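Note that chain A is present in both complexes that follow, paired respectively with chain B and with chain C.
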Partner chain A sequence: MTVNTYLSNTGWLYRFDPRAKIFFLVLLLGWVFLPVTLAGLGCMLLLILFTALSNPGPRFVLSTFTSILPMIIFMVLFAPFNVRSGTALITIHSFVLLTEEGALQVLRLAIRFISITYLATLLFATTPMPEILLALQWYRLPYKASLIITLAFTYIPFIADGFAQIEESHRLREAGAHLERKRIGKIRSLIPTLTSSLVLALRSIPTLALSLELRGYGRANKRTRYHDLSSYRRTFTDFLISGMIPVISFLVFKA
Partner chain B sequence: MLNRSVGYLFQNPDLQIFLPTVKEELSYSLRRVKGLSEEEIAKKVAECADLFELKLSHTPSTMSYPKRKALQAAVYYLLDRPFYILDELDTALTYHSALTMIRHLQRNGAGILIITHDQQFITRTGGRIYQIEEGRVSER
Partner chain C sequence: MNKEKHALKVAVVTVLTAVVVVFTLVIRIPTTKGYLNLCDVAICFIAFTFGPISAFLAAGLGTAIADLISGYAQWAPISFVVHGIEGLLIALIVRKQPLSKMRILLAAIGCILTVSLGYFVLSALFISTVAVAAAEIPPNMIQAGVGAVFGFALSKAIKRAYPPVSALSW
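After this line comes the complex of A and B, so read on.
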């Protein structure tokens, strides 16, 4: 069972205060939508990729990229059609297939999308869930709300993982040259997978409820906690770095 | 091609269970095989249920874990694969139940690969034993 999205390692981002990390994440998520040059966006993406490579590692970079690749392909294939005006790059007779402006817009969108994905996944890959919970509470987010956020990020990968396994197990159960093959077979084969996924999800309700209960959800008296964030000794420095990088990079790359 | 000749019993039997009764669950794959009549399917299903000690009218999702595991093995028994991989079959089962299931799957001459952490259990199954220790595979 997937219990969290944390990937154990020893990079500098792992030693970064989770509170500052959330602050950094929010600033950078806003930064990618600011009016900055394309080169600036590219540099920011390279910085994010370098951070990902030197912290969770190349496998994380590759698996994250693989998971968003279909969406990037979709974006690259269809987004240029939204921009019809400007300098034509590819034409078929009189029909303009791709304009320079369209290509640049796709590039900008793709960089933003990749950056946002890596930023969000880096937070969860380099910070244990209990520390994210503590950091969110430090920002005065109610305990219940923080708990729901952390559980959602724990539960979604679990369901996704379960769905992939169910798909595999049904494929193994049905595979065979002697089996009847119909065109609608692929759609029909989804029914067993979806039913088993539902059964699996329903079966995990007691575990989830127990997990919530153990974490103090619904209790009138607040639970005590052993773990805190006092082991992070460079909170001020981390916050300073988190604020400085987006501000300086904006001043350098603003359009 | 590999998944046409190998049956893989996942650790969690719930991944494969989705129909309301044992009878429907067992006959699901057989109904998709060309040339099998309803009588033949019913006969095969009844024999298989007897062999694995399953009640055809029971609801799989409310059965006990060992029974669900037996149902999972029974589904593969009916598929008649030449080779099976059993991933931690002994988890939450008695040695007797697990060994009985292995014997049933071997009845038609199928090869079996068992993955387990239980060294005592594996010595009771017979056959070759390979162990992975500190990243190295060796024959015991």
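After this line comes the complex of A and C, so read on.
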């Protein structure tokens, strides 16, 4: 099971300070909801797409777009019919099928949705998870929360592997009986597999608690850290850029 | 659980978070705006077995991490809020023992309403449109309903198969 969202590459976004990147992300996520012109929103999407193409690369752009394509199609097909006012674009006899306002609104919503998707996925594609957690700690995320997230990422493959092995052994014991079952039967047949997998996972809790205590968790002296964000030397510049782009683009494209 | 057992609490939430992630990613049925999965089975199991705090944290974090891993990062904050509240609500309803059939039914209804209405309101407000968000209400209701039924069944099965689990709730 792949749990890594980071895509290794060498673009400028990879050298951007993760703390500034989070700040930039939050500002841009707010920016797409501000009253800006449709052209402005389109320009911002182009800027985001250009950043995605020049950093993680075309494959990332394509795979992200493929994952949201069904929803965009659904949005384009059905959303315009909710707006009945304005200039009619398509009419069948006297029934107005599509208005100009409806088409413009769905275009705005689609651009906003695509922008949000790329913004959120770009952060995780260009920043390793430990650095995101360090950046979040810099923003005062509690130590306990970052510890849970870090440890959960190491436990996911362990539990997923356990599930796969148990599922396989249950399937071998049933010898093809699962092929004849209907959908509900198949879900019901998951119960023994899920129970065994859960017991396996729950049994690891006392061991994990013990190893945390052995490593000094809960004591006054905190554990040693070997990883920090000191390699990013342009923090101020990155924060400045992160603040300037949304502010300037809002002033330019204000509706 | 003793209030001083910080390491055990961290271990419980960590493993349960990982369990929610795995359940979310095991079976994935694509829909118009994401996918249907077994996350509600895991959340309901945790809420029925472990208490409100574990349920809130594991459900919220687990579903948010699953969204991040599977390339639906834009849904992560919404999943954190909706599923976190779902876990918390169910756990609070079923907390009082002995558990009556009425409270189990109430927990299942709470689960269905939280998931379907939560996703509808938040995705219509922040990500998509009312029409698109409304189209996802029926599949979300089915997913949450199946989750409540199988989550309760799993909770009973686990309590029989692994009795020490009762000592891990708080």
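Throughout what follows, the second predicted complex is superposed on the first by the 176 of 255 C-alpha atoms of A that agree within 3 Å, B and C clash if a C-alpha of one lies under 4 Å from a C-alpha of the other, contacts with A are read in each partner's own complex, and residues count from 1 in each chain.
By definition in this document, a residue touches a chain if its C-beta (ideal position, glycine included) is under 8 Å from a C-beta of that chain, and two chains touch if they have at least 3 such contacts.
In this text, all values refer to a predicted model and were calculated from it rather than measured experimentally.
**Student:** Contact-wise, after the overlay, does A:Thr5 reach chain B, chain C, both or neither (first, second, both, neither)?
**Tutor:** The answer is second: A:Thr5 touches chain C but not chain B.
**Student:** Between chain B (first) and chain C (second), which, if any, makes contact with A:Thr195: first, second, both or neither?
**Tutor:** After superposition on chain A, A:Thr195 lies in contact with both partners, chain B and chain C.
**Student:** Determine, under the contact definition given at the top, whether A:Leu172 touches first (chain B), second (chain C), both, or neither.
**Tutor:** Once the two structures are laid over each other on A, A:Leu172 reaches chain B alone.
**Student:** Comparing chain B against chain C, which has contacts with more of the residues in chain A?
**Tutor:** The partner that reaches more residues of chain A in the superposed model: C.
**Student:** Looking at A:Arg203 after the superposition, I want to know if it touches chain B, chain C, both of them or none. Which is it: first, second, both, neither?
**Tutor:** Once the two structures are laid over each other on A, A:Arg203 reaches both partners.
**Student:** Should A:Phe74 be classified as contacting the first partner (chain B), the second (chain C), both, or neither?
**Tutor:** second
**Student:** Figure out whether A:Leu123 sits in contact with chain B (first) or chain C (second), or with both, or with neither.
**Tutor:** Touch partner of A:Leu123: chain C, not chain B.
**Student:** Under the contact rule defined above, give the chain A residues that sit at the interface with chain B and also at the interface with chain C.
**Tutor:** Residues common to the chain A contacts of chain C and of chain B are 191, 195, 199, 203, listed in rising order.
**Student:** For the complex, give me every residue of chain A touching chain C.
**Tutor:** 1-3, 5, 33, 63-64, 67, 70-71, 73-75, 78-79, 81-82, 106, 109, 113, 116-117, 119-121, 123-124, 144, 147-149, 151-153, 155-156, 158-160, 163, 187, 190-191, 194-195, 197-199, 201-206, 208-210, 212-213, 217-218
**Student:** Of all residues in chain B, which touch chain A in the complex?
**Tutor:** On the chain B side, the touching residues are 3-4, 6-8, 10, 12, 14-19, 28-29, 32-34, 61, 75-76, 79.
**Student:** Of all residues in chain C, which touch chain A in the complex?
**Tutor:** Result: residues 5-8, 10-15, 17-19, 21-23, 25-26, 30-34, 38, 41, 45, 57, 61-62, 65, 68-69, 71-74, 76, 126-132, 135, 146, 150, 153-154, 157-158, 161-162, 165, 168 of chain C touch chain A.
**Student:** Across the complex, what residues on chain A touch chain B?
**Tutor:** Touch list, chain A to chain B: 162, 165-166, 168-180, 191-192, 195-196, 199-200, 203.
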